[in-house]
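Pasting a structure here, questions to come.
Read from first to last, the chains carry the letters A, B and C; within each, the first residue is number 1.
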């Protein structure tokens, strides 16, 4: 039993599109897993199957709790322990950075307190600490829209950390960033994984980043797992198997 | 491809422009209207109409050839003689069959214009001839029919029509047809069937206008007359009287102040509570933030019905329920009024928000209402503030008038003075309203600019 | 490529910013600015808890009194509703026809300042008079009846439409105007080919929108004797025995307004997007007439 267990997991969207087909695999606690594949291969869907944001069938057990068929409140409880980071950051641009980070605490704070904006001091402390962990605390009282892309993604990471999660899902976290910032953000994620032992699943588009930071690699093609193994075993042939073509400079973040 | 001349093989066919056949349609309507009144003098009118059309063609650069002038004049004489023959031979009011028959004359003329266009514009297919015939004939039918509906043609036998009325009718027709042409011109790049719909819409506009014009007894003559005696009328209203006795035998006092303050209070209570109540409704009435499809439909339905009811009807309704003359009724009415406008404006704004933060909120395990409060509302907060100010401004205006139905405020005073025919006192109240409405509007615009 | 990494000690050494005081002060000021006048108004209007407590029951009495509605004299109701529609229509027409030139005169990118500023002021002065007040004044010269109502609505519409349209004209892309003037186009040609094609769809949709609003406005003008359904509703609400008839009039008004709104908004959407709307109504229209896409694709084959 890992921390996440997929058993015959499929995802079928309301329009009839089957984005994930019979995936069975297990992810152990503290792993740093990179998922690669062409766009449309089901990477984002696989991540969203973990916290039930997509219609899942089969079985997904997260930290001992079943996602498929979970009630609304059960699903909320699962999601509260799973932080998520997005390609487009998904910050509330008009809100202050601290308020964005505090959104990660919503599931832990009584409704009347969050309604009035009277955050308990220990929750504020957690939010500030998560901002410190990604080195952005000096911007705590700045509007999120006033930050650069890299800074915004750090706030996104801080929001996920503020949940004090067991698992972090990162959906293409660097796809909207330039190469230098991409490395910074990947380092942050790697460090969080190492220091806090948070199980981390990352979708990546760039192969060199996957190779540089990943430990375990899952390759998806057309909704199926076509590779699952140690990053050290990955060579160009494996990539060709996942992508169905040779590697081009477009697949690399450092195009040299 | 074989239909096209060799030199145009690579060019696409220019789609017929609405104006090409609609212009004659409206000329036809106007001319039929005029001729319908002036008796059977077909050949003369036919010549004139033909020459006018030739003039339009020459101006538009279609043709300046004398043969075309002859074609048009001959077509005009033939068509209009037929038309006038049918009209002159009628015994009763014009019914649809007769209108159609008479319109055949115009259709003949339309065909002549279509032929001229076809001769000179290679990009048009022969169907332009039929198209023109159709539009001229259709225009004439519509014209005859509306004229009959207005009671202008039929009562030629029954009722005397003044020259003023005919003039008004003609002016009205011209105004309306040009409006319709503008509206139809918008559809110029669309398919033929779509244009037919536009044509139909133009007809509806025309008929509705003529009927409405007639039904409410619109009269430009009355406007002209009354404008002439504006001095007399002004004497009733001017100078404004600011003080009058509250009841008989009492000294003159400023009686405007108290109801004026009351109006403000009604507006404040209405805007504050209405804007707060609108919040949940607005988020439920947007697909982005509705918790479920059922909730969305219900919220949207409530919103639509509440919005349908005018502010004054709310005023009447609550005044009847909680007692006439009670400003509480006014406040209740303003709550409904503010709520409906805010909910509509805000829900449309919410439709356009970034959905990303909502997903992030859901992914963190937040409940639906928490997601709305922390991920959706901050995105629309500046709009909410701006709308709230705007609604306060509207409320001042609206609470002025709901007093008329017994919902308190300055409107009640205005109604009372009006019923006593104290026009100079009415003027004083109107000035107060006018100035305060303008001031509030400027203030609100200034504040909105500051805030956003 | 090397990226400097912060050690945990360095992180702790980071200075946390103090929570700024500004937003807090603003929040308090806003709260006070909203709450104090509200309390003042509530006291002034003598809204007591007892009144609030009674209100729902009283509203319920009225609601149940109106239902089931009595459609006995529906003929009269329909006639009055139709009159309201006529008033709104003529008022909108007046507004459209007269506001169109005025809106060009009030647009600062077309008209010179000496013309735009007074035109604007005039439009905003017209707007400051609610329709009902205009109607009261106009009744003196024009007497009771729908004609007065139409004039009042028309005048007010000129003010509102003039303002909205001039804002549309000011918002058009300046590029085409510049292109026409650089090609030697006159001011008239700049307006005809540079502004009208850009602004017209929005302006026409405002006309339709105004018609929707005018229907509501004309429904209440009857209160002052200016025609329409309003007088029917008020008259019937004043006698308890007539409440079911008032309910019928109210229901009919709501139905008509809803229908007009639906038709008008589907046309507006069509005008703005240039596409058939997806509403049931337009689907029905397409099914009946067989209207489809423009024929441009036919030429490619």
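Odds and ends about this structure:
Just so we're on the same page, a contact is a pair of C-beta atoms (placed from the backbone, for glycine too) under 8 Å apart; a residue touches a chain by one contact, two chains touch by 3 or more.
What you see is a predicted model; the values in this text were computed from it and never measured.
The fewest steps needed to get from chain B to chain C, moving only between touching chains, is 1. Located most centrally within the structure is C, per distance between chain CA means and the overall CA mean. Counting C-beta pairs in contact, the pair that comes out ahead of the other among A-B and A-C is A-B.
With centres taken as mean Cα positions, chain C sits 11 Å from chain B. Annotation: 54 Å between the Cα-based centres of chain A and chain B.
Chain A and chain C have CA centres that are 46 Å apart. Multi-chain contact residues, meaning those touching two or more other chains, do not occur anywhere in chain A.
For chain C, the set of residues touching two or more other chains is empty.
Only residues 12-13, 15, 175-176, 179, 182-183, 186, 189-194, 196-197, 208-209, 211-213, 215-219, 222-223, 226, 229, 233, 236-237, 261-262, 264-266, 268-269, 272, 304-305, 308-313, 316-318, 320-322, 327-328, 331-332, 397-398, 400-401, 404-405, 408, 414, 418, 423, 426, 430, 433-434, 437-438, 441 of chain B touch chain C when the two sit together in their complex.
By the touch criterion stated above, chain A contacts chain C in their complex at residues 96, 128, 132-133, 135, 137-141, 180, 183-184, 187, 191, 195, 254. Those residues of chain B that touch chain A in the shared complex are 354, 356-357, 359-367, 369-370, 373-375, 378-379, 381-382.
Every residue of chain C that touches chain A in the complex is listed here, in rising order: 1, 3, 5-6, 8, 11-12, 14-17, 19-20, 23. Partner chain B is touched in their complex by these residues of chain A: 51, 53, 76-84, 86, 88-95, 99, 102-104, 106-107, 111, 114-115, 156, 159-160, 163, 169.
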